[in-house]
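Questions regarding the structure given below will be posed in turn.
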Amino acid sequence: MAAHPGGLTAVEPSVRTRTGARTGPGAPTVSVRGLIRGFGPKGVLNGVDLDIAPGEFVALLGPSGCGKSTLLRALAGLDHDVKGSGVINVPDRVSVVFQDSRLLPWDTVLGNVTLGLRDHDADTKARRALAEVGLAGREKSWPHELSGGEQQRVALARSLVREPQLLLADEPFGALDALTRIKMHGLLRELVSAHRPAVLLVTHDVDEAIALSDRIVVLDSGLVATVRTVAPEIGSAVDAAGHEALRRDLLTALGVDVNAASH
Amino acid sequence: MSAPTVERPAVAPHQDPALAGRDDVRPTGRRLGPGRRRRLAWLLGPSALLLLWTAASATGLLDPRILSEPWTVVATAGELIADGRLQENLAISAQRAGLGLFFGIVVGALLALVSGLSRAGEAFIDGPVQIKRAIPGLALIPLLILWFGIDETMKVLTITLGVFVPIYLQTHAGLRGIDLRYVELAQTVGLGRAGFIRKVVLPGALPGFFLGLRFAVTGAWVSLVVVEQINSTSGIGYMMELARTYGQTNIIVLGLAVYGILGLLSDGIVRLIERKALSWQRTLAG
Amino acid sequence: GGSATAGNAQPTQATSPLATTVPAGTTITVGDPSVKVALELSGLIKELDFKVEFANISGGPQTTEAFRANALDVGSVADIPPIHATWTGLDVRIIASVFRQDAVNHPLYELGIAPGAGISSLQDLRGKKIAYSPGQAQGALVLRILEKAGLGQDDVKLVELPSTGDVYSTALASKQVDAAPIGGVQIKRYLSKYKADGASTLRHGLRDDPGHLYSPAKVLDDPAKAAALAAYVEVWGKAKRWIEDHPEEWLEGYYVKDQGLSREDGQYLIDAAGKADLPLSWTEAIERHQKTIDLLAKEQKKPELVAADLYDTRYETIAGTAFAAAGKAGAA
Amino acid sequence: MSAPTVERPAVAPHQDPALAGRDDVRPTGRRLGPGRRRRLAWLLGPSALLLLWTAASATGLLDPRILSEPWTVVATAGELIADGRLQENLAISAQRAGLGLFFGIVVGALLALVSGLSRAGEAFIDGPVQIKRAIPGLALIPLLILWFGIDETMKVLTITLGVFVPIYLQTHAGLRGIDLRYVELAQTVGLGRAGFIRKVVLPGALPGFFLGLRFAVTGAWVSLVVVEQINSTSGIGYMMELARTYGQTNIIVLGLAVYGILGLLSDGIVRLIERKALSWQRTLAG
Amino acid sequence: MAAHPGGLTAVEPSVRTRTGARTGPGAPTVSVRGLIRGFGPKGVLNGVDLDIAPGEFVALLGPSGCGKSTLLRALAGLDHDVKGSGVINVPDRVSVVFQDSRLLPWDTVLGNVTLGLRDHDADTKARRALAEVGLAGREKSWPHELSGGEQQRVALARSLVREPQLLLADEPFGALDALTRIKMHGLLRELVSAHRPAVLLVTHDVDEAIALSDRIVVLDSGLVATVRTVAPEIGSAVDAAGHEALRRDLLTALGVDVNAASH
């Protein structure tokens, strides 16, 4: 995990723990304090503080290997055996989209989507979700019969049919082409506006982060290095100038020399 | 830089009949792995064995007093089938083996689940099973007679005891071999204990279970040799024991052939079910 | 059906006289574990001036298997195995026999009676469950006992059980059978363990004492081996005498050291065996053997055999003469 | 919306000692799967068994005439060790079992490779192995004696024949269970046949092989009971057979205990090696 | 696989088989003619023609599930058992970066990189490649100890240490952040300029395709739907207007309505 010479230094704790601006006051859905995690001699998270308000959509950016997945796994309660300390508060119903699409190889696409659902109309719901992600008619396929992007969409459908209080999504659109990705953004937005879960979305795409989230958090050297609130007019690209400024800001925080070649 | 391609027919032309006759030239690296399954290929080995046996008998290499000739065995089989003895004995044996197999599978799988899914269960179950496994079955027979008599119960129980071990061991190993990623998934989608077992543990342990089953089916047949010596007047184990007593080599060899055929058949059936049940697997098995 | 291979060997007696010297380079393999120990303890083994390999093989099934595999030249068994061997198409001959003096009172087997079975005489066996192992000496004994008691197979319930190890004692103790022939130390053990519960044993009053050395006819047709076997039988007779005359050494060297028994158990076995009898004539023995064959053939539906055909009379006097001579020499 | 958290100590504090004392509150969903391995937990089951035996003997529930008391067995062991019989017999037996195990492993693994990696190999090998497996071992002994005599060769061979079957079956299944994706990878990086076997097939089949090994080690010990009845004057199988003939219950039970201990030990050793060799696995086994 | 209403219709065969402009004449390294592939009743590739000249860098775009991976697998000789017909010519030494990073779980990172290498200095080379992808010091790690992006970089390192005549890369940068991605682009460019393999790169990122390739091929409905040559001045973004025009063109070919919201 290379240190980023151009990265911002850690901001003040008061900033770091600020809850989402657009959701109004109230207890945060997620609160993380002094989260420390490490594997062997290496520290990965060195004291992360993070609050997510109910209904708030937070995007998590950061270089490869900086600990984004580690943070998500900690929030999902999947790091029983990982060394570290810190205080984590999360709601009961947490739904996770893993970085790998993680479909049970021995279950059909439909079975993978309905996994763990107790509703009576689980099947109907799942079929609808599959149709929404463009996989109508593939219900009976085995996961290995799907393309990479299709597998990722099944994983997305699995999270769409749930009504979590917190949605943790680890690069859920990584294997999708531009058009499919836009469609999936739409689906995610619908889900969010329907059930208003708190969302923590890991992505590598700065534009995606700006378009979807209320707030963007950049992780660096195991700390929350940058936090940016995304004004609604920027997110929907009405304020194109503000959009570009925020984009450059974030890219700089990620260590990209924005003034060099176009990418 | 010339392409190492070989002209070969399409595996099967794509549905569109207009395309059926088209060229199909594919890059052919040496294919690692065994290649496609061929139907009936499994018959080759046993046929070769049969041929060898016939040849050795015909040339006198094989003393017929040790191993009867195939034709004698076939004749014997004809006689025994004609007077109904073979069928009767087989039916009785099949019933015993079936019962023992059934209980063995149930017990083995249940124990494996308990021991595989909780450290406490493992602590108490696994050790004793390993000990049971390490103690020769013959040595247990006096104890079994003492506790369960010499009737059918004891016979079925002995088979059960033999059968449950591979089922347990394999299911346990299969279960313990389940990828942790799926366990995490189960946790995050809120599967309960039962759902976890049904959706993740059982399907994940299935390949192991089937292997255990393959040991178990042949194990059940083989156990008959021992249990049908005890207070039996029927069954192929008894038939063979009697033949040994009276030195009826032809019947002994017939019995062995029957065992061989039964073993091949049961194993084949298990493998067939396995292939159907595990059709989701994409492995070297093809 | 199914007896195609049985009884089709038409025994013919070897007639060529035995050579008096064993050709150099002759080797025989002997399955006679206890006598091997006696030969070593007594030093008689030095009298065997040709190569003798001992195999720890005894009992009918194992010796016949080894005969077939040409892995053994002579084996030590009771009177049933030669019969069954012949029935299975293996041509064998008895070349030495040992009996017990006062055999009826020194039986190899007694009838173990389960606690509470209410059997005090052979006639009481009617309607009872008796352990039966068709291929073994115990099985034949059960048939003979029934015959003596005037009972048929249908008058009792024969329970087929292999008589390996302590299976019979266990079956008796757990009352799975009412009666079962048990032998040797098992008698002592059974009584000491279960007498308190009402277990008992019953003397059957029959002779069950024959012990034979027997060889495949094929081996006996080989003059060199036949001569070597004659030499072995002679030493064997001497060994039997030595055992008789040296009970203390025998107890210590065989039962305690070699077999791992306690002294009491060993002494029990020596006492139970009584005195050995190696007759110079086999006539009586052949008569008794014929009776056993007749009974087995009838009860187990096997072809008739002539008992005399099972014996190689060239050896008739060798063992008995050696036994007697060694006794005289010892006394002198 | 209140958080279902439980205050619990850090699994182990992170390296920085300044952080060692910090709070550690984690969301705790019910943990599916067996949880962390506990050292020495495997001793619980056998200890419980021992306790049960002792208790049943002490209270008279268990008739000492059937199953000797633990203390009698310990005393017997003391005697036999003092006069050297136990060690001697064990040493001989261990040598036989070891040799048989060695050849069985080599033969089983080689056959599995040939049969697993080529359809031709499978056609000729797999069927006969299944037949061999289906035929009772006891019934084969006359043939083995015929072909290999009654000496050590035949004993080691019998053990080998028993051992190679689970090794073959498990290695074969493990190998056939290798994910096709890795086979494709091997093909694209240009691995040759040998490289493919070394880098993909063997490591991929290793979990199966180890399970086969667990069957094999106990199988080798158990086979002694049979082979050491044939022309032996030593070995624990012979020792037990002798004891059975003379009804020496205490020695029989000692023999069983020795088998149990040997089985537990061998199995434990295999598992330990397995754990080390398969440390790359991330499975439910933990 | 949804049909794209805005997609271009299939272009003329003559256009489809055109070889790379910048590499000059000579026999193509790859030539595909009338490639048909299907799974069960479904046709995936319906007659693909494609040539790649020696040293040419071709980017392959297309919606999720359109058959990009199927095409790559066909070129790699990995579809023995897939139904279809067609003529494929590929060179001897083909190197593949799979869509999943496909590391042998039982081998270390270093072992995975050197897999199949017969050179004497394979280890040295592999260590260097690992350092280049930012994974120096992780040689002894197990694959499961790596983050998603790290695994992808190991797979990339595996292809860097080889000297293939044809490199087939299936979304090799999908899980990487902007900065790491730029670095990896640089590495790939170096490899290409050093050994000049023909390259077929699948990507979902139009900008990436423009920046890296000589020619861009869009797959749709199982056919090569669009082919665009990338002029060097566009690729390096000197001609920003041409760049933007090409970008819009490609997005339109992919079905994205470029005049709607910014994504």
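Letters A, B, C, D and E mark the chains as written, and numbering starts fresh at 1 in each.
Note that in this section contacts are C-beta pairs under 8 Å (C-beta built on N, C-alpha and C of every residue); 3 or more make two chains touch, one makes a residue touch a chain.
Everything numeric here is computed off the predicted structure, so don't read it as measured data.
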| item | value |
| --- | --- |
| Maximum centroid distance from chain A, chain identifier (CA atoms) | C |
| Separation of mean Cα positions, chain E and chain D [Å, integer] | 48 |
| Whole-Å separation of chain centres (CA-atom averages), chain A against chain E | 27 |
| Separation of chain C from chain E, taking each centre as the mean of its C-alpha atoms, in whole Å | 85 |
| Between chain C and chain A, distance of the C-alpha-averaged centres to the nearest whole Å | 86 |
| Of all residues in chain E, the ones touching two or more other chains | 76-77, 94, 100 |
| Residues of chain D whose C-beta touches two or more other chains | 29, 31, 36, 66, 142, 146, 181, 186-188, 191, 200, 252, 281-282 |
| Multi-chain contact residues (two or more partners), chain C | 68, 165-166, 170, 173 |
| Pairs of chains satisfying the touch condition | A-B, A-D, A-E, B-C, B-D, B-E, C-D, D-E |
| Footprint of chain D on chain B - complex, ascending | 29-38, 41-46, 48-49, 63, 66-67, 116-119, 122-128, 130-131, 133-139, 142-143, 146, 166, 169-170, 173, 175-181, 183, 186-188, 191, 193, 196, 200, 207, 211, 214-215, 218, 221-222, 225, 240, 252, 255-256, 259-260, 262-264, 266-267, 281-285 |
| Contacting residues of chain B [partner chain A, same complex] | 181-182, 184-191, 195, 199-200, 203-204, 206, 278-282 |
| Footprint of chain E on chain B - complex, ascending | 1, 3-5, 10-16, 19, 22-29, 31, 36 |
| Chain B contact footprint on chain C (complex, rising order) | 1-6, 61, 64, 68, 84-85, 87-90, 134-135, 159-162, 165-167, 170-171, 173-174, 176-177, 300, 302 |
| Chain B to chain C touching residues, read off their complex | 63, 65-66, 72, 76, 79-80, 83, 141-142, 145-146, 149-150, 229-233, 238, 241-251 |
